[in-house]
């Protein structure tokens, strides 16, 4: 039943003088929900960008569905960090979600009523139907993130990459997003999420990829997300939370 | 048509084309690219003249487009080497412009190519150089060229409307759904160059900059839809052209200078009185711009 | 031609463009770190209406008077850019583009009117705006030298203040440095350099002299102090070498040659600079690739896990 959707072999990437990522090997199976976890500067965003070809790789090979990125493009959805776009852009929430379909609509054609309906449906799923015609700068941070999620959903991809979708959002949005991610997983889709809150890793993800410039460990959360492995990932930058922390989960002192 | 009507029509065409292009210059946050390209097309025009030894519209347009694309390419290249974006523009356009001026001074000594004229433009003489076209009869050469350019710009804006929108808003998403972001960038820069070259002779480089940036920035204060911005911006361009002409006629001064100044008046009104993003509205209803509660 | 080079006027011009290049290099480095490279372009255009108004009001072409007019007008332009950017959704570069073209348009309007009113006397005004170093007279040169040296002096006296102001304005505020005060000094120095440069090299070329040496210097050093000194050096070389070359042809414009020299230094730095130059960068990329290829998989991992 386990189909390999993503294989990364010997991947490395650099920003000028510094090698940010090296020696990255892992294979992701279909239907998994993975949290990518590691300290600041560990290369979490760079890993996603390099896998998607948005950042040049020094070496290595990435294959999707046993094929190349170019061939699998339609099956890949990417949710960049919310801060990567200008929310003052004069457009509505519905329009942003419709943009997820532009690739399928094709050249010289305008989005039809069918496309708009699909986008609306996706907004509805994220609990944002009431805001469909609102200018995007008038949305709160959490609502903007939901719009981004809705845009990814409308793409109907097989594998999703999300860069910190839970950063700076309210509790209601966090619950809504996690519900959708679990729904995607239940539907057999694969989701990779850059995540920064160690407290919630166990609840949210069935797989964890511990990253600090290289893959420290990757696998089922229960096996991988141990004190020792976390300590190896975060090095000295860590303070144990003591008695009140039943799970023995660390909090990070940034 | 009368002499005045030709001048206003010509300027209005500049306002229309620049207004449309300007919207995406503002949304792509490359407004100063208008300034850069409006200067470097000079180099293209000078080289076209040196090669062909004639001041012909067609060669000038080709030279201008090539120079504009060269500017866009060099700026992009330097930026990819981590030179700050505005520094890349500053270095590239001043260098190409300087080469253009040197070429004029050293080898292209010709009355038709005068730096000052290029910067300020002279719309006054436009109606005297006419060509005859089927159906339309005798019309000024610059007006005919600007008419064609307007149609070209309109076609590309409409045909690739959704591509312009997505590549301006979120280039990373655009790339991931298979839209050639870089190609669209260069296509856009070609449109900026074509518009600039065509307007160059009529109104001069600096007024092209005013017409490209100011009406679009004003429209940005009135609307939260790209489509509405496009309509408003081109409308503001035409209004600026007409008001500018009236001011120039009233106090008897440079027409293109007045038109650039008139775009400033349109912006001032927008800046103060726009109901959504205006200065006064912000003080009258300070609560309105906050986030909507969930 | 040789005699032209040694004529005393040319020597004065050479001296003033050199000092101008030095001043532009220093203040340009600060503009670079403020990420306001194109501000100089905007402000040099915005100076035009002030020049014409000063000329119309006082009816004479004294450099000092024109400079004051230019400075007032450029400062108003800077203020407008600031206000538009801060109190609306318009980005800074759009605000610069607007102020640049609108002020220039206004300047052209006024210039046309002034040409009509004061006939015969305006050719000099055109020269002032488009830059003709050779047309400068000795009193002009003295005015320029004085102001340029003042700019250089203030930049170097406030060296450590610039450093924290640019690097960490919040911290600077915390230790009692007035950011507003620094902003005012910076804008005043920038405007002064621009307006004294306009006559020598022209509106557009002045922007190049402020931008290019600073960016070139960035390719040779990581230290702010060294960058400032190098930009000063590159600016000075551009000013003097450009003037020298332009003196060889009759009627050759000074400004564009200065720009071409500055750009040549930039291109050289871009390729061979030791910090981020293309050559060094290429070698680093190769080195990384080799390093990764040589290591057996997993070997580096242990190193990281220590």
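In order of appearance the chains are A, B and C, and numbering begins at 1 in each one.
In this section, a residue touches a chain if its C-beta (ideal position, glycine included) is under 8 Å from a C-beta of that chain, and two chains touch if they have at least 3 such contacts.
Quantities reported herein were computed from a predicted structural model and do not represent experimental measurements.
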Next item on the list: Name the chain whose C-alpha centroid is farthest from the C-alpha centroid of chain A.
Entry: C
Notebook entry, point to check: Does A-B or A-C have more contacting C-beta pairs?
Noted result: A-B
Check: When the C-alpha atoms of chain B and chain C are each averaged to a single point, how far apart are the two points in Å?
Finding: 25
Margin query: Can you compute the centre-to-centre distance for chain A and chain B, using the mean CA position of each chain? Integer Å is fine.
Written below: 40
Notebook entry, point to check: From the C-alpha centre of chain A to that of chain C, how far is it in Å?
Noted result: 44
Next item on the list: Find every residue in chain C that makes contact with two or more other chains and list them.
Entry: 89, 276, 281
Item checked: chain A residues counted as touching two or more neighbouring chains -> 16
Margin query: Give me the residue numbers in chain B that touch at least two other chains, ranges are fine.
Written below: 29, 82, 220
Margin query: Please output the residues of chain A touching chain C within their complex, sorted ascending.
Written below: 10, 12, 14, 16-17, 19, 22-23, 25, 58-59, 88, 212-214, 216, 232
Check: Inside the complex, what are the residues of chain B that reach chain C?
Finding: 26, 29-32, 34-35, 39, 78, 81-84, 86-87, 89-91, 94-95, 97-99, 101-102, 105-106, 115-116, 120, 206-207, 209-210, 212-214, 217, 220-221, 248, 251-254, 256-261, 263-264, 267, 271, 277, 279, 282
Checklist line | For the chain C and chain B complex, residues of the former touching the latter | finding: 32, 35-38, 40-41, 45, 84, 87-91, 93-98, 100-102, 104-113, 116, 126, 130, 204-205, 207-208, 211-212, 215, 249, 251-253, 255-257, 259-260, 263, 266, 270, 276, 278, 281
Item checked: Complex contacts: residues of chain B adjacent to chain A -> 27, 29, 82, 159-163, 165-166, 168-170, 172-179, 220, 223-226, 228-229, 289, 291-292, 294
Check: Which of the residues in chain C end up touching chain A in this complex?
Finding: 89, 276, 281, 284-285, 288-289, 291-293, 295, 297-298, 300-301, 304-305
